[in-house]
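The following pair of complexes shares a single chain, chain A, combined with chain B in the former and chain C in the latter.
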Partner chain A sequence: MSTVMDAEAPAEARVLNGTLHKFQRVNEIIDRHGKAPSNLIAILQEVQKEYRYLPEEIMTYIATVMEIHPSSVYGVATFYAQFSLEPKGKHIIKVCDGTACHVRNSQWIIDSLREHLHLKQGEHTTRDMIFTFETVACIGACALAPAMMLDGEIYGQLTPDKIKEIIDKIVAEEGE
Partner chain B sequence: MANENTVIINGGPVVIEGEVNLLELVQKAGIELPTFCYHSELSVYGACRMCLVEVKGRGLQAACSTPPEPGMEIETHTEKTQKIRRMVLELLLANHDRECTTCDKSTVCKLQQLSQQLKLDDIRFKNRTKHQEKDLSSPALVRDPNKCILCGDCVRMCSEIQSIGVLDFANRGSDVIVGPAFKKKIGEVDCVNCGQCAAVCPTGAITVRSQMQNVWQAIQDPSKTVVAQIAPAIRVTVGEAFGLGPDAPLMGKMAASMRKMGFDKVYDTCLTADLTILEETNEFLQRLQNGGKLPIFTSCCPGWVKFAEQFYPDLLDNLSTCRSPQQMFGSLAKNYYAAELGIDPKDLYVVSVMPCTAKKFEAVRPEFSKDGVPEVDAVLTTQELVAMIKEAGVRFDEVEARALDMPFGFATGAGVIFGNSGGVAEAVLRYGYEKVTGQELADVDFKVVRGLEGIKEAEIALPEVTLRLAVVSGLGNARELIERIRSGEAHYDIVEVMTCPGGCIGGGGQLLPNNMENRQRRTRELYAMDAGMPFRKSQDNPIVDKIYQKWLGEPNSHAAHDALHTSYGSRRRIKGSIADDNNNDAKLDVSVCVGTSCYQRGSYNILQTFMKEAEEQGLADKINLRATFCYERCNKGPSIKVNGKQVKGVKPDNAVEFFKNNIAKEL
Partner chain C sequence: MSSTSSTKVDMNRAHKDYCQALKREKIRVAVCAGLGCIVNGALELYDALEAEIKAKGIYADLCYLLEDESNSGCSVVKTGCQGFCEAGALMRIEPAGLVYIHVKPEDAAEIVERTLLKGEIIERLAYKAPHSDKAVAERNEIPFYSGQKQIVLRNCGIIDPSDIRDYIAHDGYLALQKALKEMSRDEVISTVIDSGLRGRGGAGFPAGRKWAFAKAEESDTKYMVCNADEGDPGAFMDRSVLEGDPHSVIEAMAIAGYAIGANHGYIYVRAEYPLAVARLKHALKEARDNGLLGNDILGSGFDFDIKIKEGAGAFVCGEESALLASIEGKRGMPRPKPPFPAQKGLWGYPTVINNVETLASVPLVILRGAEWFSSCGVGRSTGTKTFALSGKVRNTGLVEVPMGTTLRDMIFKIGGGIRGDKRFKAVQIGGPSGGCLTEEHLDLTLDYDSLAKVGAIIGSGGLVVMDEDTCMVEMARFFMHFTQSESCGKCVPCREGTKRMLEILEKIVAGKGTMEDLELLDEVAQMVKDASLCGLGKTAPNPVLTMIKYFRDEYLAHVVDKRCPAGQCQAFKSYYIDPELCKGCGKCSRGCPAKAISGKPREAYSIDTEACLKCGACVEMCPFGAISKGDGTKSKEDNGRDG
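This part shows the complex of A and B:
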């Protein structure tokens, strides 16, 4: 009887939803890396992939399991730019504000992006959680300045019109 | 010429005799190098760069983090080092809220002292404009991030000496701050309020939360009778502020000064320390006879008590149920003495003068209030008492000593040594020995438990039993000792714990500098004072006798329990839900705590079992499963709640069965 149940259960049963399975994967990640404090960064990187950011409770839990103080985990998570403590949107826009882009008026691009995304000062992610907007220092595409990276792909020689086109396209796709 | 074992400092040879860094060697040569981040008791950090010296062939090196090598030639004050020190100081000052006139640390601030020493007359850099909010969440301490110079002294104190780590660096570059995790406030995290961070902070970034104004208000209120109790450790430190040594009658001077300031009565906490000894020793002897929980841990230190509640919930039954001397005094004052004076307890304003910031937290613990009236109304640290004496214009150095008031103004040597690490244990022995043997103790000195070492052990032979004692100060040492007890490696009958290194003489509210040199002197003076006392054993205190006769009957009586004892509960360090099934239509809510204590007892495995069972049995949509943090039932964990009700006895190995019988069946 049990074999029948085992074979069928995963397909039929409603799976526990919410964040329980993510939480389970956090535990797998810690187990795989081991609890030595030197593994913290690698653990945080993988956990961030699960949640798209580092939730406070999860960082506290990681501290609990690794037997270090939450303030140390928080210190590491806030030191590296790769970690985000806020939920990130589905699409990540990184506008370059390195030297070349800056002199090619990247501020113009930044302002127009903020306007299109309806982001107020200090906000980075749109309320519908579709876009997260960041500025970075040089993405290595200086010849295309002003440039930005959207989900890992480079867009160059930007103008406010181009920005509008790119954003509108994604918004339309997401709307479907 | 340089021989094998010398370093040339400013042209003269200095012999290396075990110094671990150039800073110590330079000090030996009679030169004081400026430092912010160097403390001999903490790890070397090398961040402030004030102690830079020029080493021939190597250029500029931080003296604190460079080990001396034979043949080295160093210069401490060259054009370069002086220029850099001034530059560093200017940069720090540009980033610093220079409101010296209203700063609590003014005159003891290292930043201020060094600016004076280097005679800085101008700061070439623009001042920082970002202003951060002061953290006023704690009853014990105030954090002002605008005054932080990022030396990390508090960070290392909290993690290395106290093994807690509430404070750490966060962010990067110009955004770096020191603070608790997740921008929380110090009153919201697992800080035990010991104040050692404030004691090492070179500036006013962490200071003692003052209650001076509350006390002045009470003094000026004609409806209040204001009484003070003075803790043991104050009598060897208050003189430091007035250039008075151990020969000055400091207790008498305090009594006289405080009466001039408007206190109605001045009493001695040593009296309730003696009461503590009678209560605690009898409690211990009962446990020894009846097979109760041993070792008994002392409970006088509120930093340690909160630490135990947070980190060692399984040891709470081992803590003595005795209140601290401060709270015993408060209880007697409000519950008995007020009636004797014929006044309402709320009009008897009890002020304690303590070496300690954690006492401020202890005084506001809800169990020490009755009908909204706290038993101790305000706690002043040594620092605040000195400030009040000065504010009142009382010439402490000239004021003639006066006797303390009765009935609570009588101390024995046993009460006095409560201020030293080992003092409580020694006082217990002075009473316990006589109580057990029925013979008079010929030599009351138990020197084996004295001294500033972090962990001390002793075995004391009594006729029928040999008592094994451990005495620890510093919570890192406490943690180490507890781990040894838990692993079965060490066995004790009595463990004395004090949070601050060296005990209360090194408390977080004592006068600055609270360094090793001062702690050694204070310890010595307290023992000298004890040696000169006419009564040196708690049981010889005639007032203690009277208190039992008049009010409490005998030690550990019902009345004594009501007035002098307390209870403890596990205290969460974190709260909230961490993973949630979000199934609001479910019939059954099942939460599993994955906080530290429960996690260590396998609660995560239980959660996993529940998840697996729920999904395999097709019950996932009928239950709402959650992983949460602490329910403050740590000593009864793993904590599982079903529809809000705590269930007992679930363990990883019976989780499947529990799910079947208590969860699946309900659905």
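This part shows the complex of A and C:
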């Protein structure tokens, strides 16, 4: 759809158009995986990659298209730690608090990250939606403890100084 | 399932060709591209080595070697984990059998010039034992490697996991060919039974018997599932095998599929392992392109293909029935057994589920025979076991030893002892479902049966070493926090019991525990152990029970004396500055996140204990070692003195 046409179209049509566009991506994802219920987790994973969380109306839409009950979709979305029902930040930091990292003082890393990101207890995403901070049970980088994963990349043998360097670098890039 | 019939590979011919090509490979430089080394710059090192070797005109990759029979030279490959993660970035030079550690891209030119061309050893890059200057570059003489025997990790760290030809040249897919062409389904199963191979995922159930159960079921549809949902914090052997030798798992699944009569396979892998998923996808494609998966494999008439299912972060999905529910796209909740998955598994069809490490052992069991495999190990624990050594040990990494190796050899010989020469306190074995072992167990052998006797399990093989600075009560709280948050909530004993246990442990750690709490903790733990539905709940109290048994003193110190002997628990912790040692540099004051340290320059500083967050950052920052932490009793008077 060209923007010229959008601008000329009546308001309701524009809203409808936007909604269709929104579901178009979801439709593509569902088509690629197929409607069998066993594909639900893979579909939700990909949808979350697209939106950075699972919006409620999209979960309902998925349920309708896949012909399963919305409560089943919601049940799966709330069961697995990977899924989020709230919007996540652009960069996702997963600090490992597995046994090996815990023994090598991951708490120190967690405290220092919270401080640098100005996150209060219970908060996970920064106000500017740049960072989401989570702790995870193990990322399998035990020999590098304490470790964390930032946007899928592993950082090991962390210290508060290293944390500051990593965060400052992203903040500077985002500021540009 | 993809079933495009592709060019069938003639295995005997391919194996011969690739082997001959590799004979003309004069030197192989194997750069470890396991996760630990990548973080330490292994990919940059690889690029630098490749460029240097090319510049010398001696570069020869497999394609070049295969091109003409007169081609020879030196190759450089990116391998899976070589195990010694502590010393990354690592590289191996074969056939000389050398290992270089902590290698930087800047070292590449010197390595090519001196070691590859002149055969000299660069002492600076060789391993040195603690408190020793003697450089050891020979792999077989480095204590970390010399105590090992590698069956599961045979190819990890030497082959290129992204090239199926390299796997075939190292006897890959020969076991599949042998099974399909020379063995009946029953023969395959009896070989695996006779080898004594037991499940490496935790429970230790004989793998061959599982296969026999599934084969006995009458059904047109059966499934073969690989459990790669490595959820135990502190264990990373499955990740390493999938990243370093993905074809060994694929080959084993095809062998198992043939034996039980399954045409479909699933690999259920953690989403936290993106590199493993990528390597697996690539390996599956290579196997299909070579006709080693798909229809009519190697002309045998047997069809088999594999799909990958990515988990979404739930520890309980490592449990068989929960894993199957998750593959079906449901909440990963366990169900009561029987019926066992071998009878009614995926979508109600007979299903065998084997762990990654179990499967990775299978090709050699088939190729070299049951007797060869069972000659390694002790008693009813045959073969080898891979352990992930981590925590306060000097040499962290991935280790494979014969079953029956003692804990002492593991920690002090292979692991090189405790970091900073601190005192060994305990080792947590088998993750949050396992138990802790102490000094008195150091001569215990690591095998299924001796561990069961002391209330611990091998589990998936995580070994987290703890020293005198680790508080065992805090550790128990940590494990309980983990299992409580991973409890799926289906059965009451686990859902409510783990929560109550966690509350009691939190109370003790916070310095508010009573003697009644200790008794209650023990009682609830027994109840959760006896009454829970699945393995998660049944084993959740293990860390607490073993820790109360072996470290009762520490529990009593928290409850009665209100102090933490290891000085780790926040509630009892306080920091103080020794006025004699403090030079008044102000470094701690500037670095304190709570702004709790104040003082005048060149005079002794002091800590405001009310404002102090007890983060310990100041201790690390002080150049004079003037700041120390108290364990509760000592600190009161110390702080009084400080004002």
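The definition used in the following text is that the second predicted complex is superposed on the first by the 154 of 176 C-alpha atoms of A that agree within 3 Å, B and C clash if a C-alpha of one lies under 4 Å from a C-alpha of the other, contacts with A are read in each partner's own complex, and residues count from 1 in each chain.
To be clear about the criterion, a contact is a pair of C-beta atoms (placed from the backbone, for glycine too) under 8 Å apart; a residue touches a chain by one contact, two chains touch by 3 or more.
All values derive from a computational prediction rather than experimental measurement.
Legend: residue contacts after superposition of the two complexes on their common chain; A:Ala145 is shown touching chain C, with no touch to chain B. In the superposition on chain A, A:Glu56 makes contact with chain B only, while chain C stays out of contact range.
After overlaying the two complexes on the shared chain, residue contacts for A:Glu176 are found with neither chain B nor chain C. When the two complexes are overlaid on their common chain A, residue A:Gly75 makes contact with chain B and with chain C alike. By the touch criterion stated above, A:Phe23 is placed in contact with chain B alone, chain C being left untouched.
When the shared chain is aligned, chain C comes close enough to touch A:Ala137, but chain B does not. Annotation: chain A residues 72, 75, 79-81 touch chain B in one complex and chain C in the other.
Residue ranges of chain A in contact with chain B, taken from their complex: 5-6, 9-10, 12-24, 27, 55-61, 64-65, 68-75, 78-81.
Within the complex formed with chain A, the residues of chain B that make contact are 159, 164-172, 179-182, 574, 576-583, 594-596, 599, 604, 608, 611, 614-621, 625-627, 629. For chain A in complex with chain C, the touching residues are 36-42, 44-45, 72, 75-76, 79-83, 98-105, 108, 111-112, 115, 136-145, 149, 152, 154-156, 159-160. Listing the residues of chain C that touch chain A in their complex gives 35-36, 38-40, 85-86, 230-236, 239, 270-274, 309-315, 326-333, 388-392, 396-398, 428, 431-432, 462, 464-466, 470, 475, 478-479, 482, 486, 488, 593, 613, 615-617, 620.
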